[in-house]
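Look for chain A in each of the two complexes below; its partner is chain B in the first and chain C in the second.
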Partner chain A sequence: MIAPYLVLLIAFGIVPVIVAAITSLEPSVINPGGGPLNYLQALQDFRFLPALGNVGVFLLLYVPSMLIVVALMSLLLDTVQGRWNVPLRLAYIVPASLTGATAVLVWYFLLEPTLSPYKDVLHALGITQGGQIWRAPNLAWIFALMAFFTGAGNWIVVQYGSLQSISDDILEAARIDGANAWQIGWRIKLPLIQKYVVYMGILVFAAGLQVFVEPQLISSSVYPGLASNWSLNQLSYSFAFQSNNLGGAAALSLMLLIVCVIGAVFVIFKTDFFEGAGVKEK
Partner chain B sequence: MTTSALDPATISGRTAVKTHAPKKRSVGGTVGRTGVWIVLLVYGLLSIIPMIWLLIAPSKTAEQLNNEPPFSFGTFANYGEAWNHLLTFQNGVIVQWLVNSVLYTVAIVAISCITAVLAGYALAATAIPLKRTLLIITLVAMIIPPVALVLPLFIEISNAQLFDTPAAVILTSSFYPFGVFLAYIYFSTSIPKDIYEAARMDGASEFATLWRIALPLSKGLFGMLAFFSFSASWVNYFLPYVLLGSAENFTLPVGLGVLFSSTPALNPGNGAQQSVIGRPEIALAGLLLAIPILIVFLISSRLLVRGVLAGSVKS
Partner chain C sequence: MKRLAVALVAVMALSLGLTACSMANGSSGGKPTLLLWVDTPRVPQATMYQKLMAGKETIKIEVIAQADAQTKIALHNRTKSGWPDVIFGAAADTAQFLDPSNGYAADLTNLVSKKVFDGFGQGNSDCKFDGKYYCLKNDLANTVLWYNTKIFKDLNLTVPKTMQEFADTAMKLKGTGYSAGAIGDQNYYASFVQSSECPLAAVPTKNTVRIAPDDPKCTRVAQLVQPLLDAGVVDKRSSFDAGFIADVAKKDKVAMTIGPSWFGDFVIKPTDSWGVPAGEIAAAPMPAWGTGSDNKSGAYGGGVFTVSAHSKYPQAAADAAVWLTTSDAMATATTTPTFPAYGPANKLWEKRISTDPYYASNPYPAMAAGANNISQVDRPVRFAFVAQIGAVLQADINGGKSLKTALDDYATSLQKLAPSSGYKVLTK
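And now, the complex of A and B:
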């Protein structure tokens, strides 16, 4: 019964990692001898540190803003019960349908001062041409903004869901003790949903580390070259498809993969998120 | 942690949202509540503005987009006009992209859901060796973002001579550890173990137990599996972008990228100046990609919460 899944798991979960590990040691144009030197060369490539810096700044903007806004908005949403709650939740989910290629398209328009729905705001800020926004130093902010709006709404609704699990008795007891809404949110609700927030933080971090679509599309079609090799994944893509250096590409993707595996193992064994899932030693 | 987001009843969709006890109001409280409402409504507006803009953008001509207020509506005829223009792009290849997207997605949803249900049931209700190891690997695979495996998959797929075939995208995307985990949680919490035991005592095979006992109790599970599988595969960009080479095999998201780069609509430096693909056409193509996801999300918003938090059930 488990066989069909097992075939897929082995073929597309485990074998690719093994193939990549073998490929990462193969000779390439810049490393005719092959071996672990591929890893070192990937790290020493002149584009690696800038890409690492870009992704680092992107993560610094993206992950904390997700954590703070999502926690705050879900707590606020939880204070509003009744018939307005549902329309609000539906509204928050809408941006998640504008992801990937569509997100790039929509944000191109939103940030284009000649036709943006926010053009009055942009004009007030003295921005009259898209070129004033789409500049290299702003890219981390723009991509963080895109990623934030694509993901935040769904997570607000999910964390709102986790708040629904808090028993009324606890909240009632706090109210009887004289706690106000702010104190209940901050001191009682937030600590009780902490593990869900940590879980989200790690998923968001792992996904952010792999950022690819937004810079790649902007760079390959809208503003040529503006964000080429901007992220680590783009660099690994360039190794494979432009420098004909599959070894380097495999080495870099494996290093990124390892960071994500560490994150995953941390969630599984060091947090209590999967407590009931039967993976801990009994 | 004494509470759990998802007791079995929540997963199977039987609990309704709780209503909190009414609160006492004071003057300060009223001011605070007004502030809360403003924040909630402003965030709601910010959330829907881009979608509303995208919905009405193709109703206007490129000139109207530039000159008229952002939220003014053009004419319905302009949607047809924009669509006709899209059809002239590389002999109507956009129809092929749409068809591909639908076919690939249907195949992926079918294969991924069936394998997930079978595996989830096997992990939850039958005795298989290495159960805990399999679970841990599945969890790791589920937490790692799919993008992380794209280049390794590309190397493997090219070695297997599957590059630029629909099978490359369909098979790789059908690996669905999250679905297996959802099914596993569902079968191990929502359906009492005794039921499986009883069926087995009566001499039913594992397949018969799954087919006659477990599946009829799992309508909610299928909805949830299909929802997450669909929303991941319909918009997937990086994987088909890397695994496919020729335009006639592309999906709509990859095709959208092609449209971006072959028209002067977004950047005057691009493509032929004579191209009829302008901003309304690009917006319409984006809309075709976004609408199915939007509809599925709005209809199934409950599944989102139940699925994402399904990991943290109490044992």
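And now, the complex of A and C:
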């Protein structure tokens, strides 16, 4: 039963990690001897700390907003059980179809004060020039906005699905005990889907830590270089393809993987993630 | 949607760096198969070559984004197969490709005839590294002075011949609502900093780069331009900024701007861009910073063809690069967008632009005057010199920092970046 999963895990999970581990020790222009020095050099690169800061701010904006808004919206959606439910679910998914290059263009268009359909609003806020929007201090907010709108809709529908798994008997019992809609949502439903929210948190964190497409595209099109090496993954990309330093790129990627794994393990063991899911604790 | 189109056109114009032409010599035995990697604007000339060689060589064409050239070659270096025989890109790509850590670029010095190199004049100097040629320049993007003859006549201005005259003329625009151009992008580097020969990527010896923002040739730039910025006669935004286009350029308020040779056709003329009416725009030679040889142009764009050192048909590949950059057919094709680097080719190309009724006078002489006079102080380097312009120089200028601070910040970022590509850095 587990064989198909294992095959895929080995082919696309474990083997690439081993290849990266071997690559991470390769020599480069700045480390002709190769070896673990690649890891240190990646951390010491002058772009590393700014990129770490950028990604940190991005995660602080992105992950909590995803968790809170998705939980709230899916609970609300769960209360709308009439003919509006299906159109609403569809509506949540639509923004998720705007990914990558499309999302960057759409958001450029929305945020550019000269072009935006909301330019009157932007002008009322005192924003009359693109340069007031597209500047370094705002980038984390802009990228979080892009990532949020492309990701939230899907997760709302997924969490709505997890809410459907709650037994009607439990909800019925809560109602008989006098719980109102808010109490049922907050005290009954949310705790029951907690592990799915945790799961989402892990995936959203991992995706956010690897943010790449939005800054890379904005830097290679509309505002050349504006967000070059803005994120850690972009830095890894620069190591590999601008500095002929695949060792450094692999080292940085592996360090990102380690952060993700530690984060996931921490969250899993600090919550009852595996309880009642057919997995017994040791 | 039309305004979105403006933005898209601006982006495309930015990416339009280059073009090319001629002389197919013999090649190695058998029927060679060549793979060409070009960007979209270079597809027509590659297709022309494909047709020309039908039956003699099999030419395969793949379209790549110019920005992906280094990435894709690096990946093929990994797999040790599948390299294109000829690739179109920036001269900075070639600097990367010829490094022993990469090894993609072939030395063309003996594969291409001396006659071809002579025909380029200085037009191919970006491709010369340590006395050898590693690429052929497709097109030149040297800076010239674009000016509006109607506004000049109305305000009774004379065309500036020196940078000081440019500044004096610009100052006369104060309070008139007219502008002397926008500097908040790579154009500030090309038109002012590079033409002033400020050393930001000078390569005195192999693997040593001189980045010296305190050099007098750097400091004089901010001294000249900062007062113009403060007076509001030059704009801190980019020439491609939607706000600048709407507020200034589209209202036909740009009295003059220094910019590359492609500015006329791709920025000033298109109705989706500045849309300046026909019969107003002319080009004058690049204003000189000083006397004698202190009269260089900068360059904003301009691409190269690099040949693979791994090609099975090195001579055929080199011949293809020669044809793409020097042929009469390329030079006279209506699809050839920008000023060919090869001297005889750009003279043929002149016919196209000199008869364009859009211009108030023939802009070719101004372009040609600067073509062999582009500053050679800054050289193509392996680190991301141009990307840092956007990340630091442009960001600082757009954000309202002083030009001196912007240049210092930019230089500092380069000084930190260069060692990661194996350069020793000189800061004085």
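What to note about this one:
In the analysis below, the second predicted complex is superposed on the first by the 244 of 282 C-alpha atoms of A that agree within 3 Å, B and C clash if a C-alpha of one lies under 4 Å from a C-alpha of the other, contacts with A are read in each partner's own complex, and residues count from 1 in each chain.
Note that in this section a residue touches a chain if its C-beta (ideal position, glycine included) is under 8 Å from a C-beta of that chain, and two chains touch if they have at least 3 such contacts.
Here the structure is a predicted model, which means the values were calculated and not measured.
Shared-chain residue A:17: touches chain B; no touch with chain C. By the touch criterion defined above, A:245 reaches chain C but does not reach chain B.
Between chain B and chain C, the partner in contact with more residues of chain A is B. In the superposed model, A:29 makes contact with chain C only, not with chain B.
In the overlay built on the shared chain, the residue A:46 is in contact with chain C alone; chain B does not reach it. Contact with chain B, but none with chain C, is seen for A:161 once the two complexes are overlaid on the shared chain. When both complexes are overlaid on chain A, the residue A:224 reaches chain B and chain C alike. In the overlay built on the shared chain, the residue A:98 is in contact with chain B alone; chain C does not reach it. Overlaid on A, the two complexes show chain B and chain C touching the same residues of chain A, namely 105, 108-109, 114-115, 220-224, 237, 240, 246. Per the touch definition, chain B reaches chain A in the complex via residues 1-6, 10, 17-21, 23, 29, 32-33, 36-37, 39-41, 43-51, 53-54, 57, 65-66, 70-71, 114-116, 118-119, 121-123, 126, 128, 132, 134-141, 143-145, 147-156, 159, 171-172, 174-177, 180-181, 184-185, 188-189, 206-207, 210, 235-238, 242, 253-254, 256-257, 260-261, 266-267, 269-270, 279, 282-283, 286, 289-291, 293-294, 297-298, 301, 304-306, 308-309, 311-315. Touching chain B in their complex are the following residues of chain A: 1-2, 4-6, 8-9, 11-17, 19-20, 23, 73, 76-77, 79-82, 85, 87-102, 104-110, 114-119, 149, 153-154, 157-158, 160-162, 164-168, 170-172, 175, 180-182, 192, 195-196, 199, 202-203, 206-207, 209-210, 212-213, 217, 220-224, 233, 236-237, 240, 246, 249-250, 253-254, 256-257, 260-261, 263-265, 267-268, 272-279. Residues of chain A touching chain C in their complex: 28-30, 45-46, 105, 108-109, 112-115, 128-131, 135-136, 219-229, 237-246.
For chain C in complex with chain A, the residues that touch the partner chain are 3-4, 6-7, 11, 14, 67, 70-71, 74, 78, 96, 99, 101-102, 184-186, 236-237, 241-243, 245-246, 382-384, 386-391, 394-395, 398-399, 416-417, 419-422.
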